[in-house]
Amino acid sequence: MKRIAFLGVGIMGTPMALNLVRAGFELVVWNRTKARCRPLAELGAKVAPTPAAAVSGADVDAILYSLGEPAAVDDVVFGAEGILAGVRHGQVAVDLSTSHPEVSRRQERAFRNRGVDFLDAPVFGSVPEAETAALCIVVGGDGAALCRVRAVLGALSSAIYHMGPVGAGAAMGLIGSLIVGLQLQALAEALILGQKAGLDPRQVLEVIQLPDFRSPLFGGMGGGILKRDFRPIFSLKHMQKDADFIAQLAQQLNVPLPGSAIVREVIKAAVNQGGGDENASALIKALEVQANLVVRG
Amino acid sequence: MKRIAFLGVGIMGTPMALNLVRAGFELVVWNRTKARCRPLAELGAKVAPTPAAAVSGADVDAILYSLGEPAAVDDVVFGAEGILAGVRHGQVAVDLSTSHPEVSRRQERAFRNRGVDFLDAPVFGSVPEAETAALCIVVGGDGAALCRVRAVLGALSSAIYHMGPVGAGAAMGLIGSLIVGLQLQALAEALILGQKAGLDPRQVLEVIQLPDFRSPLFGGMGGGILKRDFRPIFSLKHMQKDADFIAQLAQQLNVPLPGSAIVREVIKAAVNQGGGDENASALIKALEVQANLVVRG
Amino acid sequence: MKRIAFLGVGIMGTPMALNLVRAGFELVVWNRTKARCRPLAELGAKVAPTPAAAVSGADVDAILYSLGEPAAVDDVVFGAEGILAGVRHGQVAVDLSTSHPEVSRRQERAFRNRGVDFLDAPVFGSVPEAETAALCIVVGGDGAALCRVRAVLGALSSAIYHMGPVGAGAAMGLIGSLIVGLQLQALAEALILGQKAGLDPRQVLEVIQLPDFRSPLFGGMGGGILKRDFRPIFSLKHMQKDADFIAQLAQQLNVPLPGSAIVREVIKAAVNQGGGDENASALIKALEVQANLVVRG
Amino acid sequence: MKRIAFLGVGIMGTPMALNLVRAGFELVVWNRTKARCRPLAELGAKVAPTPAAAVSGADVDAILYSLGEPAAVDDVVFGAEGILAGVRHGQVAVDLSTSHPEVSRRQERAFRNRGVDFLDAPVFGSVPEAETAALCIVVGGDGAALCRVRAVLGALSSAIYHMGPVGAGAAMGLIGSLIVGLQLQALAEALILGQKAGLDPRQVLEVIQLPDFRSPLFGGMGGGILKRDFRPIFSLKHMQKDADFIAQLAQQLNVPLPGSAIVREVIKAAVNQGGGDENASALIKALEVQANLVVRG
């Protein structure tokens, strides 16, 4: 493994790709918005005009991609100039997006037909973890294929878990999102109940970061809420996409998830409050309206 | 502050009382089940026959009590041989139970009439934190009264927060329980969805303890679930009591809490599955039945 | 049975009392706001200055009362000038309010001590049914006591059900309210989804009144919603009181009611939208805000 | 309009087709299980071997079909021997199934390409209404096309509503199902709370059929529940399919439907209790387990 095609160098993709460069891998990068490739080009990465072109180099060993939008897979993977149009026998394709197990399985079938191994490998962590190669990667797919790219993934993450066959990575990714949803619901209900009970929200936020029910998410998301800073790190729309996938998976497996079902409805209301392009913490806006809580900012 | 009456030396009360002894305070203890007083008696604590007797010593400065059952307050505080029947002007009474702000305010009125300061001061943390004096205490009441007992509470905890007037401690205690409820729901939904999706629950549990949505609670409660060990540390019935108080508080303040409302219904179902006297993690049993998940143990 | 004390002659009480007059009963009436007694006084009813005075006439056989506010029972029944202060051995007291079984049992104990039979007998139906003596009355209490007032209740209603001992009437009343809550939720979700799907709300409302899932409530409440007429017939605050009692009863019996639990949270949000003093159909306002639906009026 | 192809002559389709025969239409019928065509064949209907064959007669004017399974559309409409393979310019196709607006629009596009008008026209009502031509039909599609088949639909129903363009019929169908779901939830919660409160379920069921919150559904479904008769009229699996479509529609329109979201999770649990092939009233089984209610049968 020497040469890597990396597709999608946005907010998360760029620091990941930079870590690969630092680890000595040679990169071909592609991004829908070309300007975003510049920092990597300046460090020697080649910039490809299409996904197909990015992966078709004779010496590209592995293909990593991280697609924000679930719909993008139709284009970037299956499109006329998509990855599948350029792959060659013996490569390994790694989907780093949070997706649905069926999307993973659909990709695997297509890649297998072209002699390409496929792994679904969503990452946990956000920009700071991406920058410090401290992501956690949960992988579905063939163990031998994972072995082949372990060094590549190791340059991105501090923990790699092999969860099972293709689809298992995506399922684990959704399970993580399920917890994020309920943690945000807990944080929002806690802050609102506290404020209505006359407590100081800053103190509430400080206290809930101490006992054994603390979570790093409370500090990150809660701090933004108190400052009314909803600039997106992990956008509410992204969270809504995950929530929809969780609901689909729970439907297919016929698993009742009453807590997550409610969170999904709250997300809709928060998106209707204009929070879609804001940070996922904007979920609280739906509950603030319901509680008739007047907040500045 | 030298001499302390400590009432209720159960699973949590005993390690707290031991820390007071170690810190050099003289203790008078009382417990409904007398045998539970023995370890403290062996260390020199006096054992009183009734709450009234425990607090009525001429030299008792502060009264601390931790009552598992909300109904116990009627007896232990307001009863014929209760605390109020023995108090004397100038003492400080500290209710360490998780309770409802109105129960706190009712106590305050009665204590004030007898010239006794009252603080509601629920503790966050469980047996290990009680043993290592690493509890977090959230206090409602007069700042001057808190000052008087700060050294006493300092022998129990690593963090003391003054949240506001009487009732504010109880409210903060309930907010903590609200988070515990939603985290348990998240944990249960995550484990069940994972199992139905074919993932290894041990691996799911390991993974969710890494990213920023982690919580120490996941390890503690999740480990027990995987071993089907539901011996009570924080019993489901206790959690149900808190859930009822949260619902009451939300009713009084007219705050919609859809997530917590659903958790409360799930708790009922889990209690109906026989989980009431088990650990709060037995909440998962309700969802396992709904998912038709066969679990050993 | 000849002479009846009737307490509480508001929007529902007045047409009920009128039906008693028409049926030949002699009435003593009382109401907090005295002016409301006038129409009955003009028809020959005596107006009493206090509840105690109303019931203490030597010839009063039965006492009927309908209290809008649950708190009113403390005053009207248990207060210094309340019913209990005036009753006499051998009378029958009938509480027509929707209340909680425990409030019924508490009243029964007090009445029994004075030799008075007690029935809890909430009514189903609203002003038109009250006016046409077409109410449905669900009664808890002793069968013999019910026999004694059957002619009285028969002047108010077309259907009388003896549900069981004291408390059973109140429980049945709450079960009716439970259905009203979910019917309103169904109506609101149907209208909003229809509007968002581009359907004509008037047509949606017309259609849902035909199939076997139709309900008279849809026409009554739905018609008001379309005209944005939320003048109270059965106020949202009243419905919230019932929802709180339902939740309490479900807590005591440990019955999970996930649907009703969610409706209760929606009611809170609708009250926070200013709907408390409006008709119960104002519940839809909470969901309209969540759906970001702009409605005129 | 003289000759009609009718596809799908199951429990609902047969009485509808019989009404068409009675009204003087000539029928070509098709059904996956051939034996089900016999009663109609005996009355003179022609039996076709495939959907394509059924509709391809030179004199077939309209095509009506009612497909229980949403997946069946791929086969019966779009399959190699499906309807589209046999249609001819100038026919009108009417989908009587409860479906999703997008499934309707997908069909419309395919039919339009072949010069065939398409209407989505789900029916409200069950076997008795089908037998007595008392169904209610809600139609989406072109008004002129509806005019052409109005006499045909009139032989099936007492009420025909033109809701809007293609998809509007399906949307209205789902709105009806939404109400059914919440009414079943109401019925189940009412019966269980009543039973736990010590009331006689038969009496509860009788009472709730009187006031203005009544629904004919309570009698039909409730009667079966009391007799523990869950033979399917409208199966829980069918209801689950509708619930999934409702959730999809609400997702696309971003409409929070918290009540319906919870019902959907309860349905899953009831299916997990073995209720999928039973009547939709088997939804109560999920709540009975949660309430730990022992029921005979």
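Order as written gives the chain letters A, B, C and D; numbering starts at 1 within each chain.
The criterion applied here is as follows: a contact is a pair of C-beta atoms (placed from the backbone, for glycine too) under 8 Å apart; a residue touches a chain by one contact, two chains touch by 3 or more.
For clarity, every value in this text was computed on a predicted model and none was experimentally measured.
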- Interface with more contacting C-beta pairs, comparing A-C to C-D: C-D
- Mind checking chain B against chain C and telling me if their interface is mostly the same residue numbers on each side, over half, or mostly different? same
- Note on the structure: Chain-centre distance (mean CA atoms) for chain B and chain C, in whole Å, is 40
- Just curious, how far off is chain C from chain A if you go by their C-alpha centres, in Å? 53
- Message: Rounded to a whole Å, what is the gap between the Cα centroids of chain C and chain D?
- Response: 37
- Message: Can you pull out the residues of chain C that are in contact with at least two other chains?
- Response: 250, 254-258, 262, 265-266, 268-269, 272, 290-291
- Using the touch rule from the top, collect the residues of chain D that touch chain C in their complex. 101, 124-126, 129, 136, 138, 159, 161, 163-164, 167-168, 171-172, 174-176, 178-183, 185-187, 189-190, 192-194, 196-200, 203-204, 206-208, 210-217, 220, 246, 249-250, 253-260, 262-263, 265-266, 287, 290-291
- Residues of chain A touching chain C in the complex: 258, 262, 265, 268-269, 272-273, 286, 289-292
- Message: Per the contact definition, I'd like the list of chain B residues that touch chain C in the complex.
- Response: 244, 247, 250-251, 254-258, 261-262, 264-266, 268-269, 271-272
